[in-house]
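Shared chain: subunit A. Partners: subunit B in the first complex, subunit C in the second.
Then we have the complex of A and B:
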């Protein structure tokens, strides 16, 4: 009788041990599932879901499955911090990603420091995230504004030397920093600034600014609006003929596969500097695009590709560290090289900014064609982080 | 001197015309809102979502290869009975409660959230846009202006006049105003007050839907679009005087011109504080708005 009880107890113990070993690694995702940036959140979600499916099917990370816990940040830093706090404190996630709005990434980054957890953004462009506001707990796997600008400025200097550029940005961290970054890069290569306007996020009507634009007589307009705002800006510009004889260039998040069909013809000829195009001609990318299309009946954009890549980044780091402990994983992430649909990326240890090859792409017949290329070293710029 | 005329012609004139076209859009939104408030004493927080409903219906119907002009007629015709049913079966449930204002506000706010999510489920999160039915632009005295916006201003003005005429110059309008002024007396004189309420609400919803069809080609269509004009429309209704059509028109034109002209000189981010500043001033010195409700008309 006693023996039987002991056997049961041992079995039960072994059972818990076995269950413990297979306990999933929890990764929190705070991303906009509603609001103007919902289309971006959609790509983030698709990219992450696809990577998790593949990683889990191949045996997970160190034998543990990955579990994603989604929260809607509504592209609002105040909401993002609440949701992130909940994920850190209540759900006890091991890692967090998904923030889109640069303000959200910065705010959640501070929260991660207090909770001693790591986060990575796959979307936010603001240079400050891996620049003067860098954090030992924040990594960025996507290309920042400065890298996109470097690729675009290179193209502009070649195709439209000494351009007169007018700038239109959304009035918050990302908009201001993308405009500042491109202005610096373009002016260094001989372009001239003829005017700028910062419109509020979710601006309805851009036509009140067209008078200013006309008066400034630009031959190039740079913009970093995103999501639904782009649909309005571009269709209203073509409504008023503002885009006649003007080349429209912009941030990589301005025109994406999510809003391209709504913009329609008004997007033709748009040029941007970007870290990804579904047309990249590599075996890794072809495999990724095929799997993505099979799963979601849509093409991946840079957000989908970078979000897919971040889980392989985490997997590589956790396996190198042999643990999910914050300090060990952070150490492993520094100078880590891992493979993504865009090819090999390297995480710079000094500022936690991923380095990668950059491209200039243009919209032609509703698709992104690659028209220029800049090496990772030339694009990334100096390390401006002094906090660690 | 020529510099002055140049700036008047090429900077101020287009800016004013532009402001007018946005003003007409705002009036279209505010009309239904102010009528529903004036008669029913209900603050309709889901008005923006009815506007979105009109826009989404137009995208769907245009996708079936119907002509824009047919869709322009069809959408209000579809939304009218929907509005009727919502008033009859949702608003009426809480209408006679002591806390009518709070309860109807919460009810319509909840309805707005449900509708917004429904749009996302049915049509997805990505923006859509119907092609502009009248393409091209007109050049007049050196000012370049899209023809569709000219049409919108002309059609919108006719619509506004039409609504004003119905409310103030027809027997039906007299009944609506009477029911708004004294519900019990109207009922005792044989006015079917319940039906008048439901029909008026339905009319307001149909107007919002019509605005959705008209504005979708310019402002595009996505689940949260209902939030776009609603704040400005509410401001217009408050500044103009709750329930006043004339007030809504004048306040909308005033506020959109203020935004339009000010955006030439100061950062556009200040346009919201400017507009709300005007609202605060009006609430401080003329709490009933610039023009009283249409009960007094």
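Then we have the complex of A and C:
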């Protein structure tokens, strides 16, 4: 730190140009710090803080330190746009990240477009963000929903070829679209649909559906229920023996570290597709997990890892562009390859979706073990963006 | 309304207008955009609070679901601007007409009950609408609708660009002032007299030959229209709508704004909205525990000045004039 101060002092003596170069690069973070999504916002914050600490200690970006400016978006797009506008207009941030729910990312992305700034999301997984609602000012460094489905479908085709799949979804728009997306991916790989049901959100009793499931004789059950619904569905399935000789797979949000302990043994053997696991056996990830645990006494999840990676993405792009100018950085971000705890990622120029290796993980002894790997090219899917 | 109260309200109107004028000039000279847009948003949510105050402060009906009409206006306006034509007059005109119908029809459901049951029914209606929008793919579902074009308002004197922050602020100020003026005018009519009487003692009105349901229905419909027209301005400001606009947090905030500003004063809610929006923006940057601080301020106001900020000024003026509080 002393050395850094000395360097800055020397730069100051060298004249105004050098002083200007030492001004920090401001990065705005609009993320939920209160409310239901606060735990996700916490991971985002930890990941970003850790990356900034490392980058600044190593000399910053082009000799400039990074400064993070946080705003609470309350997971509400109406609040997020107001806060983002403040960061763009008043604080004059060079770049913005952190939005969690897809509605906020889309609304803030549009705002970025109107303010001629760039944003990146590290959490939102709605396909539309880099699909039909893509924007030249929005990048996504995390895996989208379609990539998670593709990874799982790929694993399924390999381990259980020509599976008979039964679908159980929660009866709301997101639940139905998740089921539809996986169904398409799985059927393209040769799986057969033997039935589907949609149970209401907060459903207490799943047993009325079990007769239908037994009659359909599936060997794989796919589900996209989440939270406490998963706890009830899984425990009831195991009480009724519905899961006997059946592999249960699902969306990445179905079984998480939050509800895993409540589901207990009934979660054993569950398989899902994800973009990150702290158990990844690479030197980059081991270093990242160790530093994360040392700093925050908690394991990073995919949000923490992707948020950590986004600053290295920005650093690589700004250094390649030699500037923080929006158009130059955007040009540099396209087709950029950079390293993250998940390994090398590549930003696809056509839709601003990062390509990365995906993993199939299963629950074993209450922990997520990696059991399969899908290449970035196989998982990413076609470029559906037509706006640029 | 008593003289002292009228004087305080008039004075608050002048103070707000003068403050707006000063800040407007300062903002123009500083070349600001953000604070103009923040002020515009506070006016829009002030319109919603005005609708809540008309029901709560004048007629005595606590609506916990006024966001339903606000969101309805926002969605209708957004869809028209995006899919039909980016016309300010088409959007606001259509919202005005449609919200009159929707407000009138829902008054048949909501006004079947009184007191806490009325509050629960309005709350329930708004929840049903919010969940429906949240699950309707055609309305953007949970993502909402983005890509609402920037509107140029056609007037005989030339186009007004809503992307120009000071210009759109003035437009919004004009619309909200119109809604405020209209409500205030109606309060001076015989119908307005009955509204006050309903709040004071609804049971006694039929005995002196007045029907109460008709005037209540009129007030409910008017409140729906005020909320909807305010909501119609939202997508013009922000370029998107999302289901969160219909959530209870929006309705609840409007009630908080009314209580903070002064129930039954009409100007209080606009004042409260400016205050709360400003506070939220400042405190939100300063600490992530902004909800706690806003909550504490709310509790302090309710305990120390239960009639709100404008209400306490009225109380003091009345005491000085020797009138009955």
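Everything that follows uses one rule, which is that the second predicted complex is superposed on the first by the 263 of 388 C-alpha atoms of A that agree within 3 Å, B and C clash if a C-alpha of one lies under 4 Å from a C-alpha of the other, contacts with A are read in each partner's own complex, and residues count from 1 in each chain.
By our rule, a contact is a pair of C-beta atoms (placed from the backbone, for glycine too) under 8 Å apart; a residue touches a chain by one contact, two chains touch by 3 or more.
Fair warning: this is a prediction, and the values are worked out from it, not measured in the lab.
**Student:** Tell me the contact category for A:34 with respect to subunit B and subunit C: first, second, both or neither.
**Tutor:** both
**Student:** Look at the residues of subunit A and decide whether subunit B or subunit C touches more of them.
**Tutor:** B
**Student:** Going by the contact rule set out at the top, does A:277 touch subunit B (first), subunit C (second), both, or neither?
**Tutor:** neither
**Student:** In the overlay, answer first, second, both or neither for which of subunit B and subunit C A:78 touches.
**Tutor:** After superposition on chain A, A:78 lies in contact with subunit C alone.
**Student:** I'd like to know which partner A:202 touches here: subunit B for first, subunit C for second, both or neither.
**Tutor:** Only subunit B is touched by A:202; subunit C is not.
**Student:** Just to be sure I read the superposition right, which of the two partners does A:241 touch: subunit B = first, subunit C = second, or both, or neither?
**Tutor:** It touches subunit B, and subunit C stays clear.
**Student:** Return first, second, both or neither, reflecting whether A:90 touches subunit B, subunit C, both chains, or no partner chain.
**Tutor:** second
**Student:** What is the contact status of A:102 with respect to subunit B (first) and subunit C (second): first, second, both, or neither?
**Tutor:** In the superposed model, A:102 contacts subunit C only, not subunit B.
**Student:** Looking at the overlay, what does A:111 touch: subunit B (first), subunit C (second), both, or neither?
**Tutor:** The answer is second: A:111 touches subunit C but not subunit B.
**Student:** Which subunit A residues are contacted by subunit C in one complex and by subunit B in the other?
**Tutor:** On subunit A, the residues that contact subunit B in one structure and subunit C in the other are 33-34.
**Student:** In the complex formed with subunit A, which residues of subunit B make contact?
**Tutor:** 10-11, 14-15, 18-19, 21-22, 116, 120, 125-129, 131-132, 137, 144-146, 148-149, 217-224, 228-229, 259-260, 263-264, 267-269, 271-272
**Student:** Enumerate the contact residues on subunit A facing subunit C in the complex.
**Tutor:** Of all residues in subunit A, those touching subunit C are 33-34, 70-72, 76-78, 81-83, 85-86, 89-90, 101-103, 106-107, 109-111, 114, 126, 128, 133, 172-174, 177.
**Student:** Touching residues of subunit A toward subunit B in the complex: what are they?
**Tutor:** Going through subunit A, the ones touching subunit B are 33-36, 38-39, 41-42, 171, 197-200, 202-205, 207-212, 214-215, 227-228, 231-232, 235-236, 239-241, 258-259, 261-264.
**Student:** Which residues of subunit C touch subunit A once you look at their complex with the stated criterion?
**Tutor:** It is residues 32-34, 37-38, 41, 134-137, 141-144, 146-147, 163, 238-240, 242-245, 249-250, 281, 284-285, 288-291 of subunit C that touch subunit A.
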